[in-house]
């Protein structure tokens, strides 16, 4: 109940019913309906919505399991990776299937398939995270420059981004890998570089949108220096779309690794435990041993699905007006 | 409209110029002698010397760039270090196959994607909606070449319904005019040849079209949901218009705008996806050609391909912008 | 406003509220005990409109006043049958010229919309389709409800645009909404609403999105058009100036219920409900002495109680006490007020020596 007293208006007080009664209003003991969104921050609200979203939970479980397997690979995997220890058992026409020693059988080079899959998760996580960090870092800096300064800086940066966008990301990756040479590092740089334009555009758009907003004008009119306004006001407000895009990029990266491996741009060692490479190698045996291709294929799809589900749920939870 | 076109074309110039600088720098960044890179490992010293002189690799960098740009402007993309054929010629020969595949994939994506996305939005929250949302999510996380292999394994190898590879049965004595096989069959009235080309296209186009299809379903659905909540749709309903008219004139016309943009953005995806799909189905298009060039690092082909794709991509998006202006009067004025 | 029922000496309580029943056949729009609930999966239903009754006679302009969130717009959408079917539940009765609209087959209802009843919306920019020419947006309503061919519809549309004061109407027919100014767009919307000479016109905050000078023009236009045709009009607004200038009778809503109903003169002269009283007092007055502080209603519309427990306005009311915690607080006639002046208040501001206030307050 309000402590503010509304002065009686209209007719002069006099009618008995109109007089303030002796009992204090507080004795009504009726609380106004709780407004549960008041006072909670953006992230707290997002967390509350995430917890209730089944898609987010499924995504989080997949991502959690994937990270756990990747980190604990040496403890989970029954053998050392990429050993091709049982190469003698593999013939051009057949690969030993599941047995007591090898739960999922061998791969086409004679390594334990389960071990290869488990270490593949580790490889995917490393490549995914590193390439996302590269793309996010470079893209954020470019977008920040363009969005914060505007003018010719903006024009120059956006032209560079346009050029990068006009090359399909796969080809951008190919050209970078051609310079660096086929290796896991090349993959990471290539995939990361292909993501730069997305992050740059995202951040620039967000910054430009804010430059005209009232609170930035207010901060500037208070005499805050530009760097201060950008770093402590505009950047934090642009971060949530960047984080969402980062999650989605992890999914893209895991799929792109497979495509680039297929084109022969990954680690040149053929026995390496990497899902894309395993998938590529298994193609010749698709008719006889389809599981060699399907298992890594499913691993790629499920992991990418997990990151996508989680990323999109995150986006929705941060922006409740966004409809799936 | 003409001024708009000219302005948009003019905007292309800096992008293509910048791209040429990047490609030029790329050649210099490659390890080893640029002339040898262009010619391949087995080049004779005499040939290396000839190319060095022709491209001016012994000259200062700015001069080299001008020489390089001059060649590009004349349409000279160099010769393949692998086959020794002129790159542009090889492209033009193989391009129809890729276009045919990409158009077929895009047709599948658009013709299925828009109705499905619309259906999902109409039944927002229902089982069909959940199914389509889930399906389109799956469509985006499956690697293209993996899907291509699965399709080939199931429908061509196991079931034998569709051919496993190629563009046309070699036993068919087909006349080729434009190198668009489907079109050729229609032009020459060789109906069986045309039909056979279509049958050969089904699986590759499905594999290539899956990701664009998934994306178009999602965009259409989101866009229709968005538009349905707009005030002007309520106004249309308040006028008592027939439901079909509300949908056609007020919902769909507005909802198609983001879909149109998305279709334009799919071009890049389709062309790079073609590299993977054409390889799986042994289609002799630029994708398959590029695949072979990547493994041998055939620099002139790679470079030409990137320029070519960038140009196609830019032109397609220009086309999209123009058609956007036809649908949205607000764009026309500015 | 002529009295429609004999004055009663005793305050008559009507639980659930209810307007003065007009004699059969007189009211064009008769809303009785209208309730609207929004339902969402996994959430409690939200009651947006609760037991609202009101009526509009031909030629009458009834104002529906309240803050945003009071349920006045939802009421109008329920009358038009424009609430989303899946997420809302509408109860009660809405009769147009004696015909029940709730539960009517969608096709039959659509045939009435735009023809017998029409609506002018709040935001003229977002209420017009940006990618369809103005002309088509006018002719489509004509061609849906009348038997005119394309050319005749075009001529009629041109005539309509001229009548609502759009210059050079022939050229404007080909224009798109973004090529018109805000005021012109609102005029176009009014032309669309009036195209089929509806018997009921609902105007939902028709001037809120416009410049002040344009507001006056649009209001004048509405008054004139309604006066010429004898259309019944339900005018939804939060602007007391608009009410003072245009309405014959006023219904005040708070948090989904009607809290007061009276003729315009009565309402401005002798507001009974404490909310209405506060609303009027908060309007700055030209004749107030200089330096007199403004008197806002404390709190916000979100500080409210559910009507099922007490008067929803109690948390913001200076006169609130235990008596306000009455779930059956009724909309009733009050001693000392003429019949037809109803209020839902335990401690109404009763006029013993109320000085008559001119109706032009805040205009």
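Structure notes:
As written, the chain order gives the labels A, B and C, with residue 1 at the start of each chain.
In this text, contacts are C-beta pairs under 8 Å (C-beta built on N, C-alpha and C of every residue); 3 or more make two chains touch, one makes a residue touch a chain.
Here the structure is a predicted model, which means the values were calculated and not measured.
Averaging C-alpha coordinates per chain and comparing to subunit B, the farthest chain turns out to be C.
Each chain gets a centre from its C-alpha atoms; the one nearest the centre of all protein C-alpha atoms is A. Contact count check for B-C and A-B (C-beta pairs in contact): higher for A-B.
Here the spacing of subunit A and subunit C, counted between their Cα centres, is 48 Å. In whole angstrom, the spacing between the mean C-alpha positions of subunit B and subunit C is 55. Centroids built from CA atoms put subunit B at 26 Å from subunit A. In the complex of the two chains, the subunit C residues touching subunit B come out as 41, 80, 82, 106, 110-115, 118-119, 121, 123, 126-133, 136, 140-141, 144-145, 176, 178-179, 189, 192. Every residue of subunit A that touches subunit B in the complex is listed here, in rising order: 159-160, 162-163, 166-171, 174-175, 178-179, 181, 251, 255, 258-259, 262-265, 276, 279-280, 283, 286-287, 290, 293-294, 297, 300-302, 304-305, 308-309, 323-324. The touching residues of subunit B, counted against subunit A in their complex, run 14-15, 18-19, 22, 26, 29-31, 133, 137-138, 140-146, 149-150, 153, 157, 222, 225-226, 268-269, 271-272, 275-276, 291, 294-295, 297, 299, 302, 305-306, 309-310, 313-314. Residues of subunit B touching subunit C in their complex: 125, 230-232, 234-243, 245, 249-250, 253-254, 257, 327-330, 333.
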